[in-house]
Amino acid sequence: MAHKALKIGVVGGTGYAGVELLRLLAQHPHCELKVITSRQEAGTPVAVMFPNLRGRIDLAFSAPSDAALKQCEVVFFATPNGVAMQQAGMLVDAGVRVIDIAADFRIKDIATWEKWYGTKHACPELVAEAVYGLPEVNRESIRRARIVANPGCYPTAVQLGFLPLIKHAMVDLEHLIADAKSGVSGAGRKAEVHTLFCEASDNFKAYGVTGHRHHPEILQGLNLMAGRDVRLTFVPHLTPIIRGIHATLYARLQCNSRDSVDLQQLYERHYANEPFVDVLPAGSHPDTRSVRGSNLCRIAVHRPHGGDVAVVLSVIDNLTKGAAGQAVQNMNLMCGLPETSGLEQIALVP
Amino acid sequence: MAHKALKIGVVGGTGYAGVELLRLLAQHPHCELKVITSRQEAGTPVAVMFPNLRGRIDLAFSAPSDAALKQCEVVFFATPNGVAMQQAGMLVDAGVRVIDIAADFRIKDIATWEKWYGTKHACPELVAEAVYGLPEVNRESIRRARIVANPGCYPTAVQLGFLPLIKHAMVDLEHLIADAKSGVSGAGRKAEVHTLFCEASDNFKAYGVTGHRHHPEILQGLNLMAGRDVRLTFVPHLTPIIRGIHATLYARLQCNSRDSVDLQQLYERHYANEPFVDVLPAGSHPDTRSVRGSNLCRIAVHRPHGGDVAVVLSVIDNLTKGAAGQAVQNMNLMCGLPETSGLEQIALVP
Amino acid sequence: MAHKALKIGVVGGTGYAGVELLRLLAQHPHCELKVITSRQEAGTPVAVMFPNLRGRIDLAFSAPSDAALKQCEVVFFATPNGVAMQQAGMLVDAGVRVIDIAADFRIKDIATWEKWYGTKHACPELVAEAVYGLPEVNRESIRRARIVANPGCYPTAVQLGFLPLIKHAMVDLEHLIADAKSGVSGAGRKAEVHTLFCEASDNFKAYGVTGHRHHPEILQGLNLMAGRDVRLTFVPHLTPIIRGIHATLYARLQCNSRDSVDLQQLYERHYANEPFVDVLPAGSHPDTRSVRGSNLCRIAVHRPHGGDVAVVLSVIDNLTKGAAGQAVQNMNLMCGLPETSGLEQIALVP
Amino acid sequence: MAHKALKIGVVGGTGYAGVELLRLLAQHPHCELKVITSRQEAGTPVAVMFPNLRGRIDLAFSAPSDAALKQCEVVFFATPNGVAMQQAGMLVDAGVRVIDIAADFRIKDIATWEKWYGTKHACPELVAEAVYGLPEVNRESIRRARIVANPGCYPTAVQLGFLPLIKHAMVDLEHLIADAKSGVSGAGRKAEVHTLFCEASDNFKAYGVTGHRHHPEILQGLNLMAGRDVRLTFVPHLTPIIRGIHATLYARLQCNSRDSVDLQQLYERHYANEPFVDVLPAGSHPDTRSVRGSNLCRIAVHRPHGGDVAVVLSVIDNLTKGAAGQAVQNMNLMCGLPETSGLEQIALVP
């Protein structure tokens, strides 16, 4: 409680990850929001755009300003892909800690990034420096980082689900499957026909079976866990919920692990000390709503009919642990705050 | 921060108002949950029934026990109607402060109560003592109360919406209309066909046009405000949202108020010092989601085409300001805590 | 069954009223779709945009063409407001029957239309000729019409609800109230933020309290019924359902009607011969889903507590009876087909 | 049109498959509903329970009566599991064609059936005779059947999805995966907490990972296709839509098929003559809503990144092709009617 309030800047903040970040920061005991920039909404009070923040955030969006951001200790980018890479270097050089909630610094291989994001990268050298902000994998590096690439929503749910299996060399790495379902907020707050209420409600569909930007990001993470290249089939789906990702993961147990392994124990031990990963009792099926508005990842592991297939169920709130909450968790680590600071809200049920 | 933790008991707690109350109490800085009783679920850990509470509430439901409840300083009844009236007297006599979230103590006229709730009242004398827990009307009495009748959800939204108009004698009291819409959680967590997902989703309907239990409760409150009998047409509807009430209120302005009155100013002044009533700027339309999971009532007032009809839009979260949140607000008042203690969560949007 | 297939053209057809119209026409026993125009989508097969029509409509959208439309016997405009008025005259002159599902010909007073629709009207003389396509009011005129202005969705539900009360001079015409709730498809298939799934689902709100385009349209209709000017407060709301309107109507019974009138009988008799108005038994509450995908208006009438207020509940599917279905009903009348032809689908429940 | 109307009886009919069956039969050109039985609802007019059927079905539910059912030509059982096996024998003996929409006759191995359905089977000999009613596999046997076991919803979507791959020996039969998502109506119209609106909406979860009744039914079907035992991991999920199943199927291509096979062509050819299976163009992702209320199964087949995994997306309406619609299709076949008779409704979009 003796922490001095951190001076915080947010670039962007008009999207869903943005408003979630503002909700968390406004309630964070050690943060003071100094500036929220938006070229398009400059002058609009934040609480006019997001009435849930009335009485809690008095700032208006301001025009982007290097000077104002440089006076912050931490700057979050809650912007479309391709924005942070233009400004982050300047801020890092000025001693500001930077957390990019978008994808600019997630993929180390620049050619791969450029292929999937369709543009030339503006600062490959900063990509090399950036730490991938999945605390359950990179906690110590995050503590020392000047710039953190906050993971994508699918990659968070999928990597946390596979991590114990891969770390302990339990499964056939040639045939991993991630069948993932996302709430509609994952598509952002852009005016588009396919995410209209009348298109997305009372409807379920797969998309991007032929390719999705999160595939290379997940692969990079799984490869690092495995220490070799893995093969993954990744099929994302859109489900008519606002928040939430449910990843259903399939992996074939290695011959030598089949009889001896107790998957339940493996998962419980692996995550025993993690504040934001909750391994459910054997036989459970996590609801996405059990993490709605919370920073938790809830996981259950199954081995149906005692066979050779492990089925892992991993749920997160895509806007919290899958975006803004994880960003705050990274900020806490980078700034020496308690890791759970400002992240202890209980999921809203029902 | 110097407050000692209050010892809290909850009777019931397996319904939606119950889980909301537990969510709020688990995060309340000055409360310690000592006992949660449920005859039916005795022995079940609370977090098994409500996984969002895993790691936050370690208690199991216990069999009802007078002894355990008497050791609490505050006991909430989050039970079906007709339960609290059996036990409240004993607790009040033992010096425990009691808050009934159900309807047993809301209606002063026992015959009316018995007509609408279909059973004989077990302790009319306690009804006479109980304070109606709408802090915006009865704050000082609540501070001194031994037993509080927590208002219903519709009555909260409707009374707060009409209050300034009636208090200032602005409207024709013979022709008040409340067209109210409730989320489905208002019907509770009972297994019933009409609130199944496949019945209630993608559907909208009115119900109870011929009579609803909240009608006499609202009337009692409006009569007290007006100092005379008023006439109210009340039509509740079911809308496919989980949480939220939207009351659309219609009142005819008195001849002598039509020209001079500034309704916007009237509402802003009336509620200027209320921590949980937020009067929106002129021309606004409050979303129910802007109060989702928060204890706020957000209100907008209109006078369409400058005519003689005032239209008031009043929204609350039926489980928070309409039930558990208001109950905690009442507890704060009864126990000398800051009124907003534990009730400052920002609404979850989107 | 001896009817020759009518040659049909559709201008527009890429919105929700459009796809509903195509669904109905593709199943209509006496229609042959000849041309569907869309400037923007020219060349796209209709069934690529709307996969539910695969195998049922083989046409592609074509560029607007006067020649192709003139070869049709009936042309529907399922376009944004302001398009039909540019082309309808030419088609009417060529002997084509025209039905405008948009608003160009609904309001007789040109100044009022221009005020609400924000543009100069291109053919006031055709407005004078156009018949307002509410068959329950104007059936015989529709049979003889060359051009029909298909009513708006709110106006259909509200006018059918008030009609018997006003026709029989039962109510105070100075204080009519229509509290109406619409599904999100009423806002159309435009890419806009406020109708995104994450904005509109799990949320309820009023809008347009200060003014809505359907207000003058409803007033015009009620005035004609009453033979004098009436006063109406109209408050539309957005409810998270795809299809459906629920209008809750309030009217004060005239002193002299209070004792004698049997509202139930009044409604049943008034609508006894209407194929698409179904008066429910006394005490009923119609679900919007009970008319989902059907051309019916279902109505219940109440007099709460035997008082002086009549409450009418009126539901339609905004895309069917509130748009495309009523347009087909009008076509049937104009072309001498059985009025119910192609409109007998049973509502989809659940 | 020269067909004489078939006399139809329905046993049960108060659940969701029941009301869907009634909707289809009421619109079927060659059927006459003679009797609808329900012990519990005897005397209630069908249209009082299901107002969407007002004016279309005038029957009331009647008490079960062998005599009345024996006068029918076709009897559908839309009952809970375990009812049809008590009565079907008597009807078959009386020359009535029987279609069981429940599970009593689906599984040939009686011990397996008894294990999963938890009761002793009442007429194993009729199980042996019953034809599994998947027309795309058993069309000719269905034509000659006296009794048809209508397939489950998941089994329909999964079997139609895998059929071409297995029939043409394309895939590793040891590692089939079916990740299936169902709308909530699949759980039926029973009053249960877990399918309440407030439990199932804005939520997504897996269930039954450790075992589901449809697993042995699917296995039986796949084994017959393959001519040997296959191994299948089946994970069902609950998604907040009313109607619809989306099965995402994963299968490993055999080494020798990888280079040469054109999966798109394989599927298109296999289903070229099927009236109710629609293979979408390469690269497609079928929406569940594209089959809402229709009897179609829409399928897309993918081979992500040209690898060795085939991904099949298969959607049906669980109440139509997955229950009542397929039952009518079976009736059409059994009775010599056109297979598509009464089943040509276009899916309701939006």
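Going by the order they are written in, the chains are A, B, C and D; count residues from 1 in each one.
In the analysis below, a residue touches a chain if its C-beta (ideal position, glycine included) is under 8 Å from a C-beta of that chain, and two chains touch if they have at least 3 such contacts.
Note that this is a predicted model, so its numbers are computed, not measured.
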Requested in this report: Could you see whether B-C or C-D has the larger number of C-beta contact pairs?
Outcome: B-C
Query raised in the report: From chain C, which chain is the farthest off, judged by mean CA positions?
Result: A
Report summary line: Taking each chain's centre as the mean of its CA atoms, chain C sits from chain D at a distance in Å of 36
Query raised in the report: Roughly how far is chain B from chain C, going centre to centre by Cα mean, in whole Å?
Result: 39
Requested in this report: Mark out which residues of chain B touch at least two other chains, giving numbers and ranges.
Outcome: 16, 185, 189, 198-199, 201-202, 240, 242-243, 286-287, 289, 292, 350
Query raised in the report: For chain B, which residues count as touching chain D in their complex?
Result: 16, 184-185, 189-193, 195-202, 240, 242
Requested in this report: Flag every residue of chain D that touches chain C in the complex, lowest number first.
Outcome: 16, 19, 23, 26-27, 50-56, 185, 189, 201-202, 242-243, 278, 280, 286-287, 289-294, 298, 319, 344-350
Query raised in the report: Given the complex with chain B, which residues does chain C contribute to the contact?
Result: 175, 177, 179, 181, 183, 198-199, 202-207, 209-211, 231, 233-235, 237, 239-244, 246, 248, 250, 252, 283, 285-289, 292, 302, 304-305, 307, 309, 311, 313, 315, 350
